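What follows is chain A paired twice: with chain B in the first complex and chain C in the second.
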Partner chain A sequence: MVRFKNRYVLCEVVSEDPRCRQCIEDRALGLAVRDAITRVHGDYGLACCSISFTVKYLNAYTGTVLLRCRKDSYRLLCSALPFVRYLESRAQRYPCFLNTLHVGGTIRTCQKFLIQYNRTQLLRLLQNCTNEEERQCIQKSLLSCSLTEEQSQSGDEEEDDGTE
Partner chain B sequence: QNILTVCFSVGYSVVALNHVIDFKEKKQEIIKPVSPSELFPSLPIVQGTSKRIKVLTRLTLIVSDPSHCNLLRSTSANIRLYDIIAVFPKTEKLFHIACTTLDVDLVCINVTEKLPFYFRRPPVNMAIDRGIYFELLYTPAIKDSTMRRYTISNAISLMQICKGKNIVISSAAERPLELRGPYDVANLGLLFGLSEGEAKAAVSTNCRATMLHGETRKSACGVVYTVKKPRKVEEEETVPACKKAKTQA
Partner chain C sequence: RGPAGRAMAAAAAFERRVVRRAAEHHYLRVRLELSDGGARPNAPQFKQLVVTALRELHGEVGAALPVDVLTYEEKTLSAILRVISSGLVKLWSALTLLGFYQNRRCAFRVLQTSPFLLALSGNSRELVL
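After this line comes the complex of A and B, so read on.
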């Protein structure tokens, strides 16, 4: 069967500045990644990777990003991701870096991985909790996260902890 | 200390703190390594497993003269306190000496300028037999474009000689934002000419072997690493990654 095969790369934006996360936009991130590809692989790399390149999903609270690219050029993309140094939005530069979590062939596999990953993150936060209320909140959200059959793009059903 | 926190959150399980000694100044004494317990009252737990994170100490000697190597032979008590010892040779002769006779765990390969010498096969093969690993840094590549060119050209020339064996990729990060996650570093290895399996090994198994080599050196004989095997299920102990970061002065 002839169809275009894509690769979905799941990344996390890690930054020291707490304001950076709230200002992540998909266009700014796309530009930053394209710029990194140009710097590393040149015009050829940029052209190869941008055939089917989009930012599919962006979660500003947890800094999770899902990028899509063609299967033939995902290596170029993955090898250029470590070179992203800052995000630029609204004339402000925020230094940050992208941490690749998972590369999958479909959005659903990436979703499953993200749920497991978020579960482990919540467990880690649970250990650092000082407040009893926060503990209860996190425990409740741990027990309730699951993959539902909704059609919407939001996918993972965890609670967002604003205290990141 | 910030760097270490970021390290742990990204997923590294063993980190080595580097202390660099340069021999250009006249008087250099090997100081005692900073004990990791001073930095962290209690080490946090690795993501995903239930073991604590290990912090090792490491010493790098920048040698440009054969007389500097005598320091390694002298039984200075402070050298024994470091877990891993690395040497950074500046000339061809020193590279040869480091690969063949010096008692070190790592040989650093310069990434910030064009190599003054070409690698030759005999010393590299001897180093591989002795269990010495070659180290490449990746943080200069992230910071600067000319450094990137030197890094890639030096790395590829090393690959052509050693065929991708015995490589360790590490960062010399001075700030927490110069660090990259283990998966990303393995992808960088692809840029340096490694195959995918070799690149992942460069971040995980080779680092672990370096650690064990350091322990061997300390104990002056072999090291037998035992793993508990429960009866029904076979468990493999894997250390996901090992990293080196510069201490904050």
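After this line comes the complex of A and C, so read on.
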């Protein structure tokens, strides 16, 4: 049967300014992405991409963002993401950029990728640790991620980065 | 490379070639309708108008489309534009939806379009028998 197919774009917000974390919210990010699409692809591009455009998931601690759009216009969206240069909220502007990690057809595939990605990131952080207390902290949070906890918490534990 | 030609050779020395792939460029003869009583755009301003129309509808990507104004007559405000074939739809839609030139109402009328420049020289609509 014919159905509407979506594409889910997984990105991460990278910024040098630590205060940028607090202004990562869905409205600010949605506006910034729409503004970038308008600049790069004009009114036609904005209308195409806005049909089913939402920010599905946001994690301010790790800067992970999941955007949804129609399958027909995901290339317009992906090509406009490098043009997001700052996030603005509450009259504060912070320079940042978006790193595209993965484009998937469903939220489930993006979640599988994110879990895998976070695992490798944790290991890399452990290797790059400079002092002993950070090392202890990360090791403790790694060991506390286990599937023997309650069913409802196990999904969150796997995605938790353990940083910050 | 896509299908370049398909030769159909009959028994006699008759051969028909069908070219499937369209030409590289498309040519449009357009006329700008502008209300009287006001400065008429010269050639650079006309090109600026076309690029502005593309930028409004298709953004920076549209404005970067390689469009050339081959001829321009300021008296009749008509011009021949050349655009790469893949950008014909973007250019034509941008010209259609342009409404204002320096806060004056304007409209683009596309008189002829063809992948061959020679075809623009004859116009059967204005043929006087």
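Everything below uses one rule, namely that the second predicted complex is superposed on the first by the 132 of 164 C-alpha atoms of A that agree within 3 Å, B and C clash if a C-alpha of one lies under 4 Å from a C-alpha of the other, contacts with A are read in each partner's own complex, and residues count from 1 in each chain.
Everything below uses one rule, namely that a contact is a pair of C-beta atoms (placed from the backbone, for glycine too) under 8 Å apart; a residue touches a chain by one contact, two chains touch by 3 or more.
Since the structure is predicted, the reported quantities are computational estimates derived from the model, not experimental observations.
Peer 1: Just to be sure I read the superposition right, which of the two partners does A:E16 touch: chain B = first, chain C = second, or both, or neither?
Peer 2: In the superposed model, A:E16 contacts chain B only, not chain C.
Peer 1: Thinking of the overlay built on chain A, is A:I51 touched by chain B (first), by chain C (second), by both, or by neither?
Peer 2: neither
Peer 1: Would you mind checking which one, chain B or chain C, touches more residues on chain A?
Peer 2: B
Peer 1: Under the stated touch criterion, which partner chain does A:R39 make contact with: chain B (first), chain C (second), both, or neither?
Peer 2: both
Peer 1: Considering each complex separately, which residues of chain A are in contact with chain B in the first and with chain C in the second?
Peer 2: 39-40, 79
Peer 1: Using the touch rule from the top, collect the residues of chain C that touch chain A in their complex.
Peer 2: Against chain A, chain C makes touches at 54-62, 93.
Peer 1: Using the touch definition up top, name the residues of chain A that touch chain B in the complex.
Peer 2: Residues 14-16, 39-40, 75, 78-79, 81-83, 85, 95-101, 120, 124, 127.
Peer 1: Quick one: which bits of chain B touch chain A in the complex? Just the residue numbers, please.
Peer 2: The contact residues of chain B facing chain A are 2, 6, 9-10, 45, 47-48, 138, 141-142, 145, 148, 176-181, 183-185, 187-188, 190-191.
Peer 1: Flag every residue of chain A that touches chain C in the complex, lowest number first.
Peer 2: Contact set of chain A toward chain C: 37-45, 79.
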